[in-house]
Every structure is written in structure tokens, then in C-alpha cells.
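Before anything else, here is the set of structures, which you'll find just below.
Two complexes, one shared chain (chain A), two partners (chain B, chain C).
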Partner chain A sequence: MAHQAHAYHMVDPSPWPLTGATAALLMTSGLAIWFHFHSLLLLYLGLTLLLLTMIQWWRDIIREGTFQGHHTPPVQKGLRYGMILFITSEVFFFLGFFWAFYHSSLAPTPELGGCWPPTGINPLDPFKVPLLNTAVLLASGVTVTWAHHSLMEGNRKEAIQALTLTIILGVYFTSLQAMEYYEAPFTIADGVYGATFYVATGFHGLHVIIGSTFLAVCLMRQIQYHFTSEHHFGFEAAAWYWHFVDVVWLFLYVSIYWWGS
Partner chain B sequence: MMAEDIQAKLKNYKTAPFDARFPNQNQTRNCFQNYLDFHRCTKVLTAKGADTTPCEWFRRVYKSLCPISWINKWNDQLEEGTFPGKI
Partner chain C sequence: MAMAAFRWKLWSCGLSRLTASRTPAARVIARPMASTGIPTDEEQSTGLERKTLQAIKKGMDPYSIFKPKEYAGTKEDPHVVPATTDKRLVGCICEEDNTAIVWFWLHSGNPQRCPSCGSHYKLEHHELPH
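Moving on to the complex of A and B:
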């Protein structure tokens, strides 16, 4: 038809789903090749293709929404549903690792000495850096909310300040956690304690990095006047994701760091 | 009085009795706990210089319940100093 008579977005043909699928294939086979034949080439190719796919696909979404006006209210509603469903799937992802942790820690086997933490494991003091990390993420939850309100009130300068502060706090968390990993007296190979600790906190840390990146993209977009006081779903999605990361940390802190010590 | 009780119990011992602390099919913890209790009992009573006969009960129970390979493994670990349980 000459022009669309509905409010929905019929997306133009795009190569990025195919390049993304190809990247997934290259990364999985690349991982297997690395394990068996020590070559990282395929894996690197896959990661590069993944990075290029993400950059270009999301760049195109920004073009379609912000510059071409395709993100009408019904379209935005669909994006909201999508983000919520995605975060829900991530909740289930973490639920699995918490299940693994509680399975092993609630009934510790004789091999561990029948106790938790297992014999020989010196856990991190929950009232030192882990507590600081908790404060950092909680504070970042406040600053991201401050940024949202500034955005909604049309306060450009404060939105930029609050968003920047949120990102700084995210980076601070990541560097603190990296130092903890370096200094910790136990490794991922140290029995089920090490395995559950590093897999759960490791995936969390990865999500902090992803969330910080998402927020950084929002900062760049805010600086470049992409957001209006009424329409800024990209930022809202990033804020939801950031709160989710914070909540996962709270569960990690209480379960693994505090109760688990 | 206690000493006569324990001698009677040991004399009439047939097998490990029901222990309400471990009501389910998986009796691993029952075995491990009695193994621990025997060694803890022996350690404490020997330190006081007292008679370790009461500890015999725990030994009988874990001997009844535990797989022999587990007992051997734990005994080896005790000798090596690598036993993970707290005695």
C-alpha cells in the first residue's frame, strides 16, 4: 500500500538476525575447537561477528525509533513486554545457579566434612568489600532513579549527571569485584564451594558489565538529544535491567556471602 | 548406673536402631554422624583420662551402617591428617 494505515512497525528486511545466528554457530563450534584443538580463531571470529551484529542491529532500532518515528505507543508497548519477558528469562537463569548453591550447601556431604563452608575453605568476610559492593549497587539504584526523574522533568543537565554517576558506580563495583577475585584465597576449582561461588557471582558480574554498557549507550543518546521527557524507552529498559542486576546481587549477598559463610 | 546401662545395651546389640534424627531412606548422614561421634567421644574421654566404653555404641552403629570402603577411606584420611570432618 502507498502508506501504512496502522500503528505497528513492519520492519524492513535486515541481515542482522542471520549474522547473529552465524555468530552463535561460530561461537559454539569455536568453543569446541578451542577445547579440542587449542585454536581460538573460530571463537574470535564468532565474537567479532556478535559484536558487529549487536552494534548494527541496535543502531538500526535507534534509527527506526528515534529518527524515523516508527515507535508509536503500541510498538513501545510491545518493546516493554519484550524487555520484561527477557528479564524474566534471566531471573530463571539465575534461579538455576541459586538452586545449585542451596542443593550443595543445605546438606553438605561427608566429602566436604559435613559442614558449610566446607573444611579448608576460608570464605570472604561479608562485612568487608562485599558489604561495600552492596552499598555501591544500592546507591546506583538511587542515582538511576534520579536520572529517570530528571529525564521526565526535562532536566537535561541533571539527567546527564545522574546517569554518569550511575555508570561510575557500576564500574566501581566491577573493579572492586575484580580485586576481590584476584585476592580471594579460593578458586573456581576449589570444590563445590568454589564452583557455586564463582559461577553465580561471575555471571552476575557479567550482567553488571552488560548493564553498565547499556547505561553508557543511554548516556551517549541523552547527550545527543535522542530522549524526550515523554519518550525514552531505551533508558527505561536500561534502568529495569539495572534494578534486576541490583536485586540479583542482594540475593547473592544474603545467600552466598552472608548465610554461606 | 550409666556404665551398667551401656554394657547392657552393648551386650544386647543386634543392629543400628531407628534414629529419629535420620528418618529417611538416605542414611549417609546417620553413618557419618556416628563415625564422627565415635571419634569425638574417644578424643574427649581420652583427654580426661576416662574409660572410653560409652564410645563403643557409636562404633557399633557406624560399623553396622557404613560401607566398609567408606570406613577404610576415612580411617586412611585420619591417619594422613586429611579427614575433612571436625573431630
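Moving on to the complex of A and C:
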């Protein structure tokens, strides 16, 4: 029983920050070892430790919040601030790649032929699969909002349906994008066009996978009755992240796929 | 009625509990879980969260979530300082925007006055919530 006069959560000691830091060390050094000595062992160790850290740390947070009731309103407020700050940092991450794209595309150098797309590059038709991808993500934004309202109204069946549909759309986007990558006539090594295209859309795709995973965890939790109609911040955080991913795609589509063609 | 409740929920989700007034909350979520499948906080909250929510429903704030009530600080209307022991530190910002905070121990018993501005403070004993 907590004998405290405040509503905050003083967390118990946990090993996961240490294992997470160790994983970061193994992944960075593992990358360097892979580059120079062709061994993937350290990298794999780091990735495994990272996966185990994430699973156990977030599992513990679910235990503390949902099962033990430590997530009082002020604690929840702090979690909201945290998620907003994190998403803001991700916005800046993508801003960098957009900067790189516009730097190269607004004033194409003579080496590129003085034009954008550069000479020899056949860009993807923005009105084919990329447009479908746009529709898929916009639709997923609608379904995740539907899921949220169902949750708030206490409608279990529709919340599960809408959340499942959102995840399906996310997976659909990822597979379409993977097929596009496979079929594209240019690679990441094709000058600054290829570099900016694949790094920006590639990191976006990674974020789609992360967001879909987050939503899938929420689906499992919703099925297991973790969420109440008033308190379901894990879901809200996943929905915020998903909307962020959608907005980044819209900027990518307009800038790189459409204007950049 | 249902429409109003729905619109209220749209705005409030998660945040209303932070801004709930200290008077008993006006909202009533009268939807049994069995009918639509998602539990309410009333049905499922536990631990400290449950205690804070139940207290807010009764208009109480044992965990000091909300801003303290404002008092005149006069002899008739002293600042009431809740405490779980016999004394508590008070930091008086005598005038707005003062940067020098006047710190002093407030003891149970007779009200004390801030050594700088003279506002009255009275310790009020509370049990440690448990």
C-alpha cells in the first residue's frame, strides 16, 4: 500500500534502462564491427537485447498503470507531455531529411544536369501506387479516430473492429511500399535523388512499422479489457503517433513524389 | 441527453479528470459494462488512481492534485495549510513577482504570521492518506 501524500508515481528500481543502454552500445559498436570485420554477431546481440528491453519495460509500465493503478491523473498528464515531446523530436528528425531534399532539389547542380529530377532518373508516377498509399493512410486516420470514439462510448465490438482495420491498412501500406521499392527503377545509390528518396521514405516506412506495432499492442490490450472508456492513454499515444506518421507521409508525397517529379 | 454526454466525452477524454472542480463532479457515466463491453473507471480503476478518482467524486483532494484554496491571509481568514505532521514548511511570496521567498516553519496550534508581510497562516492536521 502506498503511504504517500502525493499523487505521483515513484517507480521501483528497474534493470531496463541499463539493458537498454547496453543494447545501444552493442548496436553502435556492432554496426562498426560489421562495417570493418563483416561480423554481425554484436549487432544481433544488441538488437535482441533491445527487443527484450522494450518488451519488458513496457510490460512493466502496463503492470504499474493498468494493474496497480499508479497512473493517477497527474501521472497521466506527465505521460501526455512525454509523448508530445517525443513526437516533436521526431518531427525535427524528419525536418532534417526534408531540408536535405529541398537543398538538393531547389538548386540542382550541373552534375545532375541542372534539373530535378536529375538526368537519367525516372521518378515513380505520383498518381499510381503513391496516391493509393496516400488514400490508405488517410483512411487509416479515419479508422483510428473511429476506434477512439468507440472506446470513449464504451462500444467494445466496434473499437476492436476499427482498430483491427487501422492495423490492416498500416500493413497494406507497408506491403505496397515494399513492392514499390522492389520495382523502382532507381536505387539508394543513384546520386542525391536516390539518397534523399530512400532515406526519407525509408525512415517513414520504419515509423509506419513502429506505429502499426504500437497499434497492435493496443489491440491486444483492448481485447484483454485493459482500457476503460475514460482512461486509455496508451491508445491515445498510439493514435497520436499514427496521425504523425500520416502527416509525414503527406509532406513526403507532396514534396518528393509530386513536386519532385 | 445522450448527445450532450457524447459531446462532453469528445472534449474531455482523459483531460477532464485533471480539471474537475473540487465540487462533486456533475457527470454521470451510467452505462453498465455488460451492455457495450468496455469497463468504466468506476468499475475497473484500482490502487492510487482509484483512490484519487473516488476522492474527487466526493469533492476531496487528499493527494493535493489541485491548486490549494485561496485565502485572504487575514486574522479572520488565515491561509489554511494542511499537514500530516505537527509542522510544515511555508514559503510566502509576499507580493506577486517577489523573487525572495520567505521560508518559515508553521507549527500546529496558534496561527503564525509571515515575518515579512504579516499574512496569517494556520496549520490544519490531516491524516496521511493510506
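Descriptive notes on the structure:
Convention: the second predicted complex is superposed on the first by the 259 of 261 C-alpha atoms of A that agree within 3 Å, B and C clash if a C-alpha of one lies under 4 Å from a C-alpha of the other, contacts with A are read in each partner's own complex, and residues count from 1 in each chain.
In the analysis below, a contact is a pair of C-beta atoms (placed from the backbone, for glycine too) under 8 Å apart; a residue touches a chain by one contact, two chains touch by 3 or more.
All figures in this text were calculated on a predicted structure; none of them were measured in a lab.
Partners chain B and chain C, once the complexes are superposed on chain A, both fit on it without clashing. Set side by side, chain B and chain C differ in how many residues of chain A they touch, and the one touching more is C. Between the Cα centres of chain B and chain C, as seen from that of chain A, there is an angle of 130°, stated in steps of 10. Looking at the shared chain after the overlay, A:74 reaches chain C, while chain B stays out of its contact range.
By the touch criterion stated above, A:106 is placed in contact with neither chain B nor chain C.
In the overlay built on the shared chain, the residue A:155 is in contact with chain C alone; chain B does not reach it.
Contact with neither chain B nor chain C is seen for A:189 once the two complexes are overlaid on the shared chain.
Contacts of A:6 after superposition: chain C is touched, whereas chain B is not reached.
No C-alpha atom of chain B lies closer than 51 Å to one of chain C in the superposed arrangement.
The part of chain A that touches chain B in the complex is made up of residues 107, 109-115, 118-120. Chain contact summary for the complex, chain C toward chain A: residues 6, 9-10, 13-14, 17-18, 29, 31, 33, 36-41, 43-50, 52-53, 62-65, 84, 128-130. Taken together, the chain A residues at the contact with chain C in this complex read 1-7, 9, 67-74, 76-77, 80, 148-149, 151-157, 159, 225, 227-233, 236.
If you check the complex, the residues on chain B that touch chain A are 28-29, 32-33, 36, 70, 74, 84-86.
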